[in-house]
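The structure under discussion appears below in the form of structure tokens.
Chain lettering (A, B, C, D, E, F, G and H) follows the sequence in which the chains are written, and residue indices restart at 1 in each chain.
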Amino acid sequence: MIRDRVLTLLREVASGAIDPQRALDRLALDPVQSLPFATIDHHRALRQGYPEVVFGEGKTASQIVAITEELASRGDGFLVTRASEDSRAALRARFASVVLNDAARTAYLPGIEAPPAGSGTVLIVTAGTSDLPVAEEAAVTLGALGDHVQRLSDVGVAGIHRILGRATELAEASVVIVVAGMDGALPSVIGGLVACPVIAVPTSIGYGASFGGVAALLAVLNSCAAGVTVVNIDNGYGAAVAASRITHA
Amino acid sequence: MIRDRVLTLLREVASGAIDPQRALDRLALDPVQSLPFATIDHHRALRQGYPEVVFGEGKTASQIVAITEELASRGDGFLVTRASEDSRAALRARFASVVLNDAARTAYLPGIEAPPAGSGTVLIVTAGTSDLPVAEEAAVTLGALGDHVQRLSDVGVAGIHRILGRATELAEASVVIVVAGMDGALPSVIGGLVACPVIAVPTSIGYGASFGGVAALLAVLNSCAAGVTVVNIDNGYGAAVAASRITHA
Amino acid sequence: MIRDRVLTLLREVASGAIDPQRALDRLALDPVQSLPFATIDHHRALRQGYPEVVFGEGKTASQIVAITEELASRGDGFLVTRASEDSRAALRARFASVVLNDAARTAYLPGIEAPPAGSGTVLIVTAGTSDLPVAEEAAVTLGALGDHVQRLSDVGVAGIHRILGRATELAEASVVIVVAGMDGALPSVIGGLVACPVIAVPTSIGYGASFGGVAALLAVLNSCAAGVTVVNIDNGYGAAVAASRITHA
Amino acid sequence: MIRDRVLTLLREVASGAIDPQRALDRLALDPVQSLPFATIDHHRALRQGYPEVVFGEGKTASQIVAITEELASRGDGFLVTRASEDSRAALRARFASVVLNDAARTAYLPGIEAPPAGSGTVLIVTAGTSDLPVAEEAAVTLGALGDHVQRLSDVGVAGIHRILGRATELAEASVVIVVAGMDGALPSVIGGLVACPVIAVPTSIGYGASFGGVAALLAVLNSCAAGVTVVNIDNGYGAAVAASRITHA
Amino acid sequence: MIRDRVLTLLREVASGAIDPQRALDRLALDPVQSLPFATIDHHRALRQGYPEVVFGEGKTASQIVAITEELASRGDGFLVTRASEDSRAALRARFASVVLNDAARTAYLPGIEAPPAGSGTVLIVTAGTSDLPVAEEAAVTLGALGDHVQRLSDVGVAGIHRILGRATELAEASVVIVVAGMDGALPSVIGGLVACPVIAVPTSIGYGASFGGVAALLAVLNSCAAGVTVVNIDNGYGAAVAASRITHA
Amino acid sequence: MIRDRVLTLLREVASGAIDPQRALDRLALDPVQSLPFATIDHHRALRQGYPEVVFGEGKTASQIVAITEELASRGDGFLVTRASEDSRAALRARFASVVLNDAARTAYLPGIEAPPAGSGTVLIVTAGTSDLPVAEEAAVTLGALGDHVQRLSDVGVAGIHRILGRATELAEASVVIVVAGMDGALPSVIGGLVACPVIAVPTSIGYGASFGGVAALLAVLNSCAAGVTVVNIDNGYGAAVAASRITHA
Amino acid sequence: MIRDRVLTLLREVASGAIDPQRALDRLALDPVQSLPFATIDHHRALRQGYPEVVFGEGKTASQIVAITEELASRGDGFLVTRASEDSRAALRARFASVVLNDAARTAYLPGIEAPPAGSGTVLIVTAGTSDLPVAEEAAVTLGALGDHVQRLSDVGVAGIHRILGRATELAEASVVIVVAGMDGALPSVIGGLVACPVIAVPTSIGYGASFGGVAALLAVLNSCAAGVTVVNIDNGYGAAVAASRITHA
Amino acid sequence: MIRDRVLTLLREVASGAIDPQRALDRLALDPVQSLPFATIDHHRALRQGYPEVVFGEGKTASQIVAITEELASRGDGFLVTRASEDSRAALRARFASVVLNDAARTAYLPGIEAPPAGSGTVLIVTAGTSDLPVAEEAAVTLGALGDHVQRLSDVGVAGIHRILGRATELAEASVVIVVAGMDGALPSVIGGLVACPVIAVPTSIGYGASFGGVAALLAVLNSCAAGVTVVNIDNGYGAAVAASRITHA
């Protein structure tokens, strides 16, 4: 579209319908049209088949319905994260085929076009049951992005044999997302066991001096296993997108 | 220059020397050339007559001399901030007309063209003698930006009569920069006395629980006088640029 | 009034009705009367036509009604910020002509005299929809202070072309207020695109390690664009007053 | 009592009823009885006539009633601080003569014996109306400790003439308690105006980067007026006890 | 002087040499002259006989000598705190009668007039030998302010019998200054043993998670002994001034 | 079980039913089976007779009932900590013999086998009544782990004679757990009075700058009594397990 | 080797040289030998051709020489990071073919075997010249890991056109490492421009409230561009390993 | 001695040399003499044979020599921790038999009497070579306290097989001290592998967001292995004393 508009302008210049000086002014006044096409095209290509993502926190159910209706009417799917119980109920009422996940607090409506498939498997590892909602948010997001997901739950480091018993799954993953609260020790152990990319998601699980996940965040930032990267506390969505950037490269 | 290059391209299109499709590709591949002219031109206009600013911290004397030689050779002046004693000596040795300020740790070489004059007077107020180096950095920067500066020193709030005795200077300022460490109380008092813009610079002066200026920073962020804005701790340079944005509007 | 009282005293001295020593004692005992007239007069001049501002947080609806009734009875208008839903309803019930803004949580009753008009336009830029309430608070305040406001919404840096596409509005503003949560990156980009004063308002939008806006606050304090100033987290009101100090200079 | 018991023991030694070695063992096994009498007596003297203080936070209404019934049955009065609305209602129902203060969230029942009167007047200064509950807690506590209290309200530093107009009250105080939130600037100004002891109470008033009173706390710790001391955030009770230690010296 | 000047003005009004309106203008233009005499006089009275205090940190030896020469030439004494070894040597070389204290890092030259004597004794208690420099700063300051000082050293709470063995000194003090680093537990114990005012000085002694005295600062702010007040970390000077405000009331 | 499975495998090798190479592959593919038996056996031995512990925070009543039903059906007992009122009611309804503790928010069902008895007595010391819930959590946990518990309550350091009066109990304890909020001073005093292991539990009791127990946590980490160890804020359960590791050594 | 040893054991079992029970005991006593072969083998495969990495901080030159001599003698190469000037000189003296990088503070000796080549190009983007040392550490590490590196320097967001002008390089990268101090805004802008994995390295560049890189760290954790991951402050080495995990997947 | 003095007093009472009332006054005036004998005796018993410990940080070499000379002259041994190189050299020069440990920065002179032997072995585990100085401080202290020490070094969790390979040592320890910086993950893994008491020492090893050991400290406070206790950052001495309290119970 942008490309078309600039091409039209250039053709008008070529035909003499508009003189070069005025064409220059139009480009200058409306700079976004003359902007890096590569970037924008590439961006659009990237988005082909992906659902739009709506961050549900702080939005009312009716606001979310209004936004998603517009997306759905364009044939785009959507993924709502951090959707309250009310919002999920409202989306269920409005879109018969929406897929809700209560643990992950997500609502997902696939678009007309399927998302491009990611290569390999993204393994989501959690230390304790309290980390599961964040892991679920990652899993749902990965599904919506076309990735294949496998889960490894309840393998905290205080019982190290549980992790070691799952060497096969670990070795076969393309990317590992490690969701861990409290002491944030699990990503370091995993990071030392696998060669593939490891993305840590510290969670706000814990009490006392866990400071809402800061303890786990600092631990993973200081991981003694080199090459472990981190996303924000409880940000299962962000970890999924990061993983999907890898599997779609 | 950029404008010229795009104009040349458009003229080639107009003359048929290049066809519209290929012209489009050249714009697309080299996006910065086709970028918001308005912004860039405007930016350049803004910079007309201003010295380039070099942040001296963490650079060696010889690195700074190399950078400034290039600027000077273009006829541009320069302002080096946070220049170490060594760097200032090296600049003095290299540029006969450089103006050094030891308290402010600056070195200033005016450009060929004078900077556009700011309107009115920028008043720099300090609470104690320890705040003076930061105030000096602001004053030198303002001078280099074409602003007229007045100083009001040693008027801390523990002796409130000292501030009140300077009502005339306060009332006549276009902008007031308040440099204050320790309890950061001065900007609130000044903010209640004047109607003009007030920019607070918290300083790292203090000890114990001043935490390198954080106490003063938090105080000014929470100022009970509405409309006081803040820059980073010890950032006399930033306050000066902010003030100059106002006097050059 | 104060001026009148001191003048009366001086005339009594002149007429011999009171001797100088006793006149001195009266000045000394009642110091505020003898206080900086310039400052106070100037202050009053500044306030001419402005509504009184009531900070609504922590006050009950009935307390707010009581305060505003007194203001309204004097012919002064008022602006209530951080007004709860209850308070807004109570004000609506009491003052037929009050202007409520639910997003901004404000209630505004213009005074009899119009506020003096600010010069130019204050542009309020927001990154995401969650930043809008803070932007609205700024917009309502600016309106009450006599300023002309324009909005630029949903131009976060993750889609940089959206900002670049609005070069004209940016270039024409007298002051830009940038409201930004999460990574607080927008003020730096804007600060590099415009020459006018830029006031950043970090917002408490975000989760995990955003720490209620501290992440955005630190980012803007450390902005790589020189001359950006900052107000407290979510302080749309303070940014508006700061902008208005500039447009009314 | 303790004194009596040791004396009895010593008399038994004197009479030969118990031999010195065994007496030594009894002293050693039961050390508190042989403890610093001076300290304990002195302590008791100090408490003569003072009500017992019950910290109400985290206690249920029925727990508080149980504790205060025991105190009242001994003829001691009591002061309950941080009493919830429920607790205050329960105390009103149980003790006809209890004095409630809703702003201060206190309930006070005087003891049979009046507390010793403190010397002079304790002046409680507040910056804004939001600081009043903390000031009230201090005032009620001082009353219960036998002190004479005067108040100076709404004299924040953004309108410095309001403070200066109250020089007489300031000059006549024995101790000044300054209650201040937001920027915590008021104690510095007051500290420079008076020669008597100044006790600052930072309050949790404010928003954004006030961090529940930490901004004000840091400001007062770094006060540029020498000799200002500080108590914990919102600790009106503690400031009152500190002031009373001075007026009862 | 100020008083004299206003009196002269009033006499000129009385004599008709100046008319009331012009007298009013002169008062208004030069507001500090018409300022709260009570406050200023009272302030001066307070300062009678006190040495001026120079905060030595961040000042060079020659700067300090220059400042103190001016003070000494007026007949005023001085107290330099946080004086570096160089500064102390320079002051020794310049003023034969200056009293240096290496542990406290102070230099003291008494003024011509002796300071007014404080009532009673200020007891300075320290937990460990590392707290002594801060205690010394307090002691030297108190001496310069006319106070009688007694010391109680090395009585940390890990050996509680050492404190209890000093009940007499504790009971006889007018004010107790408790200097304590590490866990900051000593002020709570002392606060429970004495009835007089207790001022805590947290020190930066400690390692690991002592955070330069923050651990001790927080402990004393949260003291379970009511009525303990606090000054900034390592601020022996401030504690001394606070104590002296009490003993000179 | 694991041991049995490997033994079976080895016997198959011995009997020739499986060849060494294939046995190696099976060990390699399923590594946990071949894992440190010593550790696992030893671990199991450790657990013999201990109830399983379920952390109740963030789990619904029905989730907790489901988990505990499974444990009870295996003949294992359970201990639920941080159980909400709802959860405790649901457990009471489901398990007739469950022992609830409302203060500690625990529910305990003993297993069929009694836990091994710990040596000596674990003394739990608290400063104030607000610390009791955390102390109770420790006490209940210790009971479930087979330890003998004694309590020493309301012995805060502001009334030091209360602690000293309990020398006998202190001297006879095998381990002392000190539960302390506010200034966290008690563990230092206790640590200096006893020779046995001392475990400090900072609590979130306090207000203002107690920061949810951080003040107490820092105090105990910086304890001037050597050899005091610390667990997380409010972690009565963790302190109990640590103590039990000592008494079961 | 491990595999061999277990195989030997199993063969002894098969041959009857050792009975199954004793074989079990040997496996149990020496658990690491029976550990997850897959993991270990896979790990070794991963390391094939990689140099060993020595973290130089806190190690003396002679310690580093000793460690590297051992590595070199085995035919392994090495990479020393955070090597002081002394250490680099000592390594230069000892290993003729060592490659030093003063900006990156690294010393690199390739191993006999070349590292496996990574796919595509890792693009390292920096905002300012002060970020270059961290970028260099990443670049050197990537070279040692077999990756192809491209640099994009001095493209800070305050001059957004500089980034946009490099769309081609951005679009062609396999992974982008963004090194950014101060406001940490660059990763958000880059993250919105590219579809590939983006790894942010906050740097300790900045002053005042940058807190040694914490401002930038928080900004990148809260990036408004989804899927940006983060490593520790100044951790160029970690970012390189993370990128290499992606390019070697 | 104390005991003797009180016994003498009691005998004087018994003999009638002093009457009970006067004896009471003497006990009261000099309270420490009448203090908890049990505690003091018990304390002394505890100390029998232990060296006195001198914290060397912040003390000059000559101060340390003076203190230790006095100790040595009484026949007591001493342990100096955090002794600078100068101090160690001075002690070597003064005491021929002093045992220096450069890594631990300790100087140890055994007393005449040997310390009582602790039961079992204290195992000191470290993750990396940088943690060794802290581990050494613990080891030297334990030796001086009569404990038998074993070391397990370089077993960080990023190479989990290294820990698992040392199951025997872990299983045989009486107490395990785990010294760990960076992510502080090791204590959680160890805590899950052993049943005995585990004391974690976070170290200040790390960079970036390790904040001088705070990251590791928070991790261990939030350990997912129950019953792990913590001492201050880098406090090898404190961990040793805590361990010795256990082995000497």
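Everything below uses one rule, namely that a residue touches a chain if its C-beta (ideal position, glycine included) is under 8 Å from a C-beta of that chain, and two chains touch if they have at least 3 such contacts.
As the structure is a prediction and not an experimental result, all values here were calculated from the model.
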By the touch criterion stated at the start, how many steps lie between chain A and chain D on the shortest route?
2
Topological distance between chain B and chain H, in contact steps:
2
In this assembly, which chains make contact with chain B and also with chain G?
A, C
I want to compare two interfaces, A-C and A-H. Which one has more contacting C-beta pairs?
A-H
Where does the B-G interface recur among A-H, B-E or B-C, taking recurrence as more than half of the contact pairs being identical by residue number?
B-E
Separation of chain C from chain E, taking each centre as the mean of its C-alpha atoms, in whole Å:
40
Quick one: report the Å distance separating chain E from chain G, using the average Cα coordinate of each chain.
54
Rounded Å distance, chain E centre to chain F centre (Cα mean):
50
Chain H touches at least 2 other chains through residues 29, 31, 35-36, 38-39, 164, 167-168, 193, 208-210, 214, 217, 221-222, 226, 232-233
Would you please name all pairs of chains that touch?
A-B, A-C, A-F, A-G, A-H, B-C, B-D, B-E, B-G, C-D, C-E, C-G, D-E, D-F, D-H, E-F, E-H, F-G, F-H, G-H
Across the complex, what residues on chain B touch chain C?
35-36, 38-39, 42-43, 45-46, 53, 120, 164, 167-168, 170-171, 174-175, 193-199, 217, 221-222, 226-233, 237-239, 241-242, 244-246, 248-249
Across the complex, what residues on chain B touch chain D?
127-128, 156-160, 163-164, 181-185, 188-189, 191-193, 206, 208-211, 214-216, 218-226
Spell out the residues on chain F that touch chain A in their complex, using ranges where they run on.
29-33, 35-36, 39-40, 55, 57-59, 82, 204, 213-214, 217, 232-235
In their shared complex, chain A is touched by residues of chain B numbered 3, 6-7, 10-11, 13-14, 16, 19-21, 23-24, 27-29, 31, 34-39
Quick one: in the complex, what on chain F touches chain D?
129-130, 161-162, 164-168, 205, 207-210
